[in-house]
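So that you can tell them apart, the chains are marked A, B, C, D and E in the order they are listed, and the count of residues begins at 1 in each.
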Amino acid sequence: TGGATPAPSVAASAAATAPSSAPSAAPSVAPSIDPNSLLGKIVAAGKIRISTDPNYKPFSFQNPDGTYDGFDNATAVEAVKRLGTAVGKPIQIEWMTPSWDLITAGGWSGRWDISIGSMSVTIGRAKVVDFVDPYYYDSGAVAVPKDSTVQSLSELNGGKTFCVGAATTYEQWLTGTLEIVDPDKLPAPTDPQVTSLPTDNECVQAVQSGRKFDAIVANANGLADQVKDGLPIRVLSGPPIFTVSVAFALDKSGPDDKSLIEVLNGIVNDMHSDGTLTTLSNKYLQKDVTMKPGG
Amino acid sequence: MNGQGIVHEIHPVELPGPLVPAGAEPIVRATKIEKYFGRNHVLRGCSMTVYPRETITILGRSGSGKSTFLRCLNFLEEPSAGRVEIDDTAVEARPLGDRPRAERERIRKLRTDAGMVFQEFNLFPHLSVIGNLVEAPVHVKHVARPAATELAESYLEKVGLIDKRNEYPSRLSGGQRQRVAIARALTMEPKVLLFDEPTSALDPSLVGEVLKVMESLAHEGRTMIVVTHEMQFAREAADRIYYMHEGQFVEIGPHTQVIDDPQDPRTREFLARFLGPSRSRQAAATPQDEAVAPPPAVGPGPV
Amino acid sequence: MNGQGIVHEIHPVELPGPLVPAGAEPIVRATKIEKYFGRNHVLRGCSMTVYPRETITILGRSGSGKSTFLRCLNFLEEPSAGRVEIDDTAVEARPLGDRPRAERERIRKLRTDAGMVFQEFNLFPHLSVIGNLVEAPVHVKHVARPAATELAESYLEKVGLIDKRNEYPSRLSGGQRQRVAIARALTMEPKVLLFDEPTSALDPSLVGEVLKVMESLAHEGRTMIVVTHEMQFAREAADRIYYMHEGQFVEIGPHTQVIDDPQDPRTREFLARFLGPSRSRQAAATPQDEAVAPPPAVGPGPV
Amino acid sequence: MTSLAGPVNQVLGEQILAGERSRSRRWRVQFMLAWLVIVAALVAFVLITINLDTQFIAKWLPFILTGVPVTIFVSFASITLAVILAVLGALGRLSVNPYVNGLASFYVSFFRGTPLLLQIVFIYFALPQMGLVLPEIPTGIIALGFNYGAYMTEVFRSGIQAVPHGQTEAALSLGMSGGTTFRRIIVPQAFRIVTPAIGNDFIAMLKDSSLVSVISVHELLYQAQVAGRPNHKSMQTLLIAAMVYWILTIAFSFFQARLERRQAVGDRSRRPGSG
Amino acid sequence: MTSLAGPVNQVLGEQILAGERSRSRRWRVQFMLAWLVIVAALVAFVLITINLDTQFIAKWLPFILTGVPVTIFVSFASITLAVILAVLGALGRLSVNPYVNGLASFYVSFFRGTPLLLQIVFIYFALPQMGLVLPEIPTGIIALGFNYGAYMTEVFRSGIQAVPHGQTEAALSLGMSGGTTFRRIIVPQAFRIVTPAIGNDFIAMLKDSSLVSVISVHELLYQAQVAGRPNHKSMQTLLIAAMVYWILTIAFSFFQARLERRQAVGDRSRRPGSG
């Protein structure tokens, strides 16, 4: 994977003001934007409403001063800046924070324009939202309580108890409803007893408070972050349970989003190729997650 | 219903009282009032003729229909049949409602002409005494508030409560409340006053003050219809008494007839029962007591 | 407080009534009862001596402290000072509470000996008539339920309500309720019955039935203390009358004295006021009426 | 003398009764019509905007309905716990003992003063720290029970206080002890007074029990979400859940109204105004 | 004759008063002591089990508290909307018009029959489909207002019905029209009757307003979660939120109690039992 890119530390806010030294291969948008398309509406308003879930450190969180921060948010800020350049008009960001269930369910009724919030690309979701090209690749991992004797995934077969965040791909993986385009996913433990709490943070907290779960399934980076913070869990070693593309998502039932997707595809690809995403990944995750594993 | 055919006939025994000028026209004509509560036939063709300046008392057992009759007079209860005419405003029963607007207005006129005083006072607790009195003149008759206040004060004076003008009803005694209720009815300057057992809810020691006000009203020649159990009031203040039995007036006449010498067996039985076994002895007991106690009894009266 | 020093002195005017056998010991001794409500000094050293088989009536203006005195007798109201002794059970005032268990038991004994009948009946609405009567014998005296029921039925019979034994209080008239309340008190076979205006909450036409029961109790020689406004009852049934004025008994004696020939100016004023301007004329009015009506009036009584 | 009373009209009463009956029948029909129209409009709106997938619904409905018994069980168990706590709480709030009273008043203040959602989460995390690792359903029941218990404490207290003081006086004057008076005279009457409130609280509980879905209790709302999410038909499944809640509420309200009417029969006085 | 009355003991009353005062003072002190002990025990429990990070709290407290004005604003606005809807609803429920009555009864049944959380989500997504794209806060206010309005409709209705019928009769018999009677006689009395209920509903609303966090309204609970979760200190931030809710509730309860006492002064009758 591409750890070779130089990693200049760029804060999310700084990223917004950083000169886009990268070659802008984004298609210069035609002056004829359909005013009824999503892009047209955004340009007309000069504002884009981005949904994010600031309960998802290090991808998305808030600072004590209320500013939004994290890998997702920094990416969004940079992408919107480039969008502004492409349409020749600066675009403001309005952050929206509906609960995660509401974002993943689709049918946003125009409440917000786009989700830039670590949404994994699944076949099910693709039925209700349109995805932009992936901006990073996520992998799931299994953690066990620190004092657990479990060492490998196979030991969790047969009616063990699991805790996951509600409405996540990890819950879907456990319940056997996860359908992703990427083929390499490990088989889930058999007959899992699943407890789904609002986020995986609650799972860790539950373990901390003395509730007994055999394992927690969550985002590998998030779990790593929690281990770093000294929480009483241990991540099982071994290959990720699955890896999945993560992308910006737009509501399928909303206004025509083809032109916007086209522009955003260009922008995301540029941000890949000019190293911006890698830089941000290194900053927030201390590793590069923007390259397709094995790709 | 078939109201067109209703003609008010004055029954021979309905002779006007002594205060009524000869040849005066009746001010209240209630004609063949019927009232059903479901299948319960509570009023059975009650008619009443009242002349100006008369005080009428309705007597009768509990449940005989006295209150219902009084409430039919100002359509607080919708009669099942019959007609009420008060001072040229006539309204006929429409037991199934749906009155045209003009008729609803006539009912309001009729109610304005017939001031009612309830057993339970029914003062407006959120208004001061003076507020209770001026509310209706201001909002019904559209009298200017200062004029209404002046009028109200004159009636408060009459019932002896001018010093309570700014009190709230909750801070008055029962007797005072009832006097305010009377003043409230008077402030609308009604043609006839209706009283439904105005002293029954009062402590025995507070009854007197209200009866005094009512007697003074009777003596100054106001037209009043009074349902009461106060035999003494009926005897002293009523020009005529209507005795009701199971929804019918079975005896009508002055107290010298209805109370002191009832003709109808039901009236006679009522007076016996009503006064109760101990009270009925009252009249007879006094002489006996006098016989026992050596000095001639001065009676319970003041000196 | 300083209860040790309380000695019950029988005031010279507290002569036992005519039914009391000579030399009988008093059954109720209330000694120097004081009662404060905050700074309001409601009872000011009230003493009362009651002999077995006596009927005592307490008269007095509204607010003079009659109910408070009665309620102090069975400690529904804690006296501020004084002592109550009923049939050898003596309890002294402890205005600040904290009685030892034994004394609380004595109060219960005292209450069991003094049956109380309230103005508002206070029947237990969730129990049938018979349930109301047997509840206390079963749970206080631990009488077996069948025995209690038998006793209860005998008293229901006495008040003429045996046919209502399984009714619920809500389905009785006021007069019936009060008679049940009397039967309930009787079923505990108390030494003395306390009545606090037992007829004030009743419709005038229902007063008679309750007074009748009370009179029969008086005549069969039960000890009773009755607060009432029914002058007629006081006159006919009371052996002695205590007249209370501003928390003190200011006149004590038989009705021939207290009602018919009051000595104390306050008693005299009360009787005048209480009977009210119209009622005070009653005694005087009857002869006048007789003069007007040619045939000698048979009065309101039945034939 | 001529009769004072005219002939009695016997037919009139029946005529009026018939007229009143037909009027009230017409009224009820129109009332129901109004409901029908509104429900139809709502259904139309939903069909237009949500694009119901009937096949999907038919497939998942049984799964969603498995949440109903859980919802009802949790509600029943919670209301039972709440009643017990409320009786204790009300006794405490009426106690003359300052410490008992203080404890009860603290309980009421605390559980009424903070959001139920927080209480559920707290209790979920706090119980294990006190060494009590209960499964999710009992945990949810405890949280709901404590919360509603606090509200109902006040209901019970006011129910006890609503029993007229004359009842206590009558019982005491018959020689009953304070305890006997309370148990035999006050409590039975207070219970009658508070039954409607308990019914209402149960109906409210039916819906608030949906909050325990956050701690993974598989009740109605949870099941609806689980069915909807992976298939991205959340709006449809939630709508179904809403309908089920509504039907449950209507059913229980109906049941409650009948119960109250039945209770009231004994209470109604034969003659209004007689005491 | 000898005086029937003995000497009047003037000191006794003052002695008793002083005794009663000192007793009630002692009681209050003990009561507060009980609270203090319980609060101390709670704090100790929290400190032991949660391991409060004071530095973290100090850093995030301002962030969390930014939710307080939102919570208060949303609650106030919602209760205002609810009162308006409840007045209309109560009028509808009392209307003799079967259609109006049907509409009002549907409104009450529907909004009381389904969970508030679902209503918030539905209204959030349904309004834009009806062409009404309101921001989140107004949307939340509408959802809360409609829900509480349904509950309060019944409160208002029973408040209006609690005004004794004699009041209506007195007004009508003075010649007032139905409208004047309602406006000038019934409504002022009904409002007094329902004020305590409105106060209680406002306090309940303070806490239920936390549910609008799901539609991106940054009120107190939301802020607490956002501060806590990513830093793995949810318990601490939620605890802070709970404290703030509790303090708000106590403050408003206090305010409400004072208001009610003030209102009650005029109502209290001088002599109990006289009518």
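The rule we apply is simple: a residue touches a chain if its C-beta (ideal position, glycine included) is under 8 Å from a C-beta of that chain, and two chains touch if they have at least 3 such contacts.
Quick caveat: nothing in here was measured; it's all calculated off a predicted structure.
Participant: According to the touch definition, list the chains common to the neighbour sets of chain B and chain E.
Facilitator: Touching chain B as well as chain E, we find C, D.
Participant: From the centre of chain C, which other chain's Cα mean sits the farthest off?
Facilitator: A
Participant: Express in whole angstrom the distance between the two chain centres, defined as the mean CA positions of chain A and chain B.
Facilitator: Distance between chain centres: 84 Å.
Participant: Just give me the whole-number Å value for how far the CA centre of chain C lies from that of chain D.
Facilitator: About 46 Å, centre to centre.
Participant: If you average the Cα atoms of chain B and of chain C to get two centres, how far apart are those centres in Å?
Facilitator: 35
Participant: In chain C, what residues contact two or more other chains?
Facilitator: Chain C, residues with two or more chain partners: 203, 206.
Participant: Two or more other chains in contact with one residue: find those residues in chain A.
Facilitator: Expected reply: 102, 107, 202, 205, 209.
Participant: Could you pull out the residues of chain D that touch at least 2 other chains?
Facilitator: Touching at least two other chains: 121, 125-126, 129, 235, 271.
Participant: Quick one: which chain pairs are touching?
Facilitator: A-D, A-E, B-C, B-D, B-E, C-D, C-E, D-E
Participant: How about chain A: which of its residues touch chain D in the complex?
Facilitator: Contact set of chain A toward chain D: 101-102, 104-107, 124-125, 127-128, 166-167, 172, 175, 177, 194-198, 202, 205-206, 209-212.
Participant: How about chain D: which of its residues touch chain C in the complex?
Facilitator: Where chain D meets chain C, its residues are 164, 166-167, 169-177, 180, 184-185, 188-189, 192, 266-271, 274-275.
Participant: Any idea which chain D residues touch chain E in the complex?
Facilitator: Against chain E, the touching part of chain D is residues 27-28, 30-35, 38-39, 49, 98-99, 101-103, 105-106, 109-110, 112-118, 121-122, 125-126, 129, 203, 207-208, 210-211, 221, 235, 238-239, 241-242, 245-246, 249-250.
Participant: Please name which positions on chain C make contact with chain E in the complex.
Facilitator: Going through chain C, the ones touching chain E are 1, 11-13, 32, 34, 36, 38-39, 41, 44-45, 47, 63, 80-81, 95-96, 248-252.
Participant: Note which residues of chain B are touching chain C in the complex, please.
Facilitator: By the definition above, chain B touches chain C via 61-62, 200, 203-209, 211-212, 215, 229, 231-233, 235-236, 256, 259-261, 268-269, 271-286, 289, 292-293, 295, 297-303.
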